[in-house]
Amino acid sequence: MPTLLPVMMTVPELQTFLLREFPQMAPMNLQVQSFDGALLRLGCGIGEAQLRPGGTVSGPTMMALADCAAYLLLLGQIGPVALAVTTNLNINFLRKPEPVGMYADARMLKRGKTLAIMDVGIFSEAVQDGPVAHATLTYAIPPARNAA
Amino acid sequence: MPTLLPVMMTVPELQTFLLREFPQMAPMNLQVQSFDGALLRLGCGIGEAQLRPGGTVSGPTMMALADCAAYLLLLGQIGPVALAVTTNLNINFLRKPEPVGMYADARMLKRGKTLAIMDVGIFSEAVQDGPVAHATLTYAIPPARNAA
Amino acid sequence: MPTLLPVMMTVPELQTFLLREFPQMAPMNLQVQSFDGALLRLGCGIGEAQLRPGGTVSGPTMMALADCAAYLLLLGQIGPVALAVTTNLNINFLRKPEPVGMYADARMLKRGKTLAIMDVGIFSEAVQDGPVAHATLTYAIPPARNAA
Amino acid sequence: MPTLLPVMMTVPELQTFLLREFPQMAPMNLQVQSFDGALLRLGCGIGEAQLRPGGTVSGPTMMALADCAAYLLLLGQIGPVALAVTTNLNINFLRKPEPVGMYADARMLKRGKTLAIMDVGIFSEAVQDGPVAHATLTYAIPPARNAA
């Protein structure tokens, strides 16, 4: 805990990487809001494409947000490894999110040589009393991780 | 097991419901391929928007496919309840899917009055030796389920 | 967040309930160490029965600890509902725990009328740099919850 | 699928391994009932120690049964690797199990070099209409897997 946290990529570097490598995420208007080596916050704009019947944000939108936040946190800590892959995602949907902006807070639970396990809370700008969803993700880190 | 399985919505009814209620899923070209009361198969076209670096299908695409297949299976069994919501999704990514068509096979593990738990295998048309991902989902069924 | 947190059972009441209702947990020497309405800490003694080959604590021991901590947190908030049941548990094992005492910190992610979702970190007294395991659990709350 | 399935340990070898390496599981009366290379069935006797208030089988008992069945399936396929460890377990509890004998059916979803993902259905001898619980587990396989 008191050890120095690595920052291998800055917020602008993460944002540039995101736009270049994941053009298909463009409709979500993802924005890396902050990263201090331990916590990465990723914002998400909500438009028609992210809504579900009843005017709530779709589950897949929140899953994509969680997945992306975890991925960027990992890259921020180990550098731009485009080939790290999700092996497990578990998500609980807690509260109905209003159709407004959201953000995800990702933290590392454990980073080993081959696996990284992360915790992601998803928040709505309109809901004050806690996360609207909570996810835990595992990423596999490829052996030759200096490739990209 | 030997009891008669309910079919509350036919394949064309499920397809119509899907297109009407989830216009934002249109880019995935989802198609209800079969439903016999127990197993629902949902196909998914793969285009640029579903790809990730390395030419593989993105995790969020598979999560959305699993979520949608489970939802349609539930509706097929209980009728068009637009407000049933996912409460938990757990997914394991098993094999790298090639950038070709995929399908999801959804089965009911348990359908209670308020919760339905489903199992979804995700397959690639290019991978023969087993699913490329496997998910388990829980949906909460709202009390007034005859609304929609 | 700023609302007053309910404490429906005190630490001694929770401990008494635990011993009376779960006599089969006796080998784990579980001890409710603290509960302030938001965070419940449950300690666990480790003996021969909790070990695995290699001198590490068994997975099932940590699962039982997580399950019990979540259950006691829920009861602490809503009162002694012996019939609340786990519907989902997801656990990630992060670090090898030494064969010494452990504790679980349980927090409520969302408590609805019928479902409660909780987050549990599991710590080893010998491991300083983070949890050895992390779990998320859902409990179903029976309708007549004032029964017990 | 049509490839020959490996059987690295027979049912009696698996049973002997279980009794020797996991003496603390003795109260569960675990019995390897069958293993054909693809499906491993593990039986479990239910006594006072496995019960919960209300006369049902405890969640931790079912988690331990799932964990053990998955472990034995993996060993049956790769040989006696005592140090393979669970990294993730996700379990859904589906039906109330009566206090009678249970069994777990474990199948491999994907076995890679470093990770194995397995699917486990848990059945009660008294419940005919489907599993009482369903789990998905990931095991990490240590590099020097021929050690034991």
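Order of writing sets the labels: A, B, C and D. Residues in every chain begin at 1.
Note that a contact is a pair of C-beta atoms (placed from the backbone, for glycine too) under 8 Å apart; a residue touches a chain by one contact, two chains touch by 3 or more.
Owing to the predicted nature of the structure, the values given are computational and were not obtained by experimental measurement.
**Student:** Tell me which has more C-beta contacts between its two chains, A-D or B-D.
**Tutor:** B-D
**Student:** Please tell me whether the contact surfaces of chain C and chain D are same or different in residue numbering, using the over-half criterion.
**Tutor:** Comparing the two copies, chain C and chain D contact each other through largely the same residue numbers, since over half are shared.
**Student:** Nearest 5 degrees, what's the C-alpha rotation angle taking chain A to chain B?
**Tutor:** 180
**Student:** Could you work out which chain's C-alpha centre is the most distant one from the centre of chain B?
**Tutor:** It is C.
**Student:** How many angstrom lie between the CA centroids of chain C and chain D, rounded to a whole number?
**Tutor:** Averaging C-alpha atoms per chain gives centres 24 Å apart.
**Student:** Please tell me the distance, in whole Å, between the geometric centres of chain A and chain D computed from their C-alpha atoms.
**Tutor:** 33
**Student:** Roughly how far is chain B from chain D, centre to centre by C-alpha average, rounded to an integer in Å?
**Tutor:** That pair's centroid distance is 28 Å.
**Student:** Mark out which residues of chain C touch at least two other chains, giving numbers and ranges.
**Tutor:** 87-88, 90, 92, 138
**Student:** Help me check something: in the complex, which residues belonging to chain D touch chain C?
**Tutor:** Of all residues in chain D, those touching chain C are 21-22, 24, 48-54, 58-60, 63-64, 67, 82-83, 85-93, 96.
**Student:** Quick check on the complex: what are the chain A residues that touch chain C?
**Tutor:** 1, 3, 90, 92, 94-95, 109-110, 117, 119, 128-131, 134, 136, 138
**Student:** Show which residues of chain B lie in contact with chain C when the two form their complex.
**Tutor:** 87-88, 90, 114-115, 138, 140
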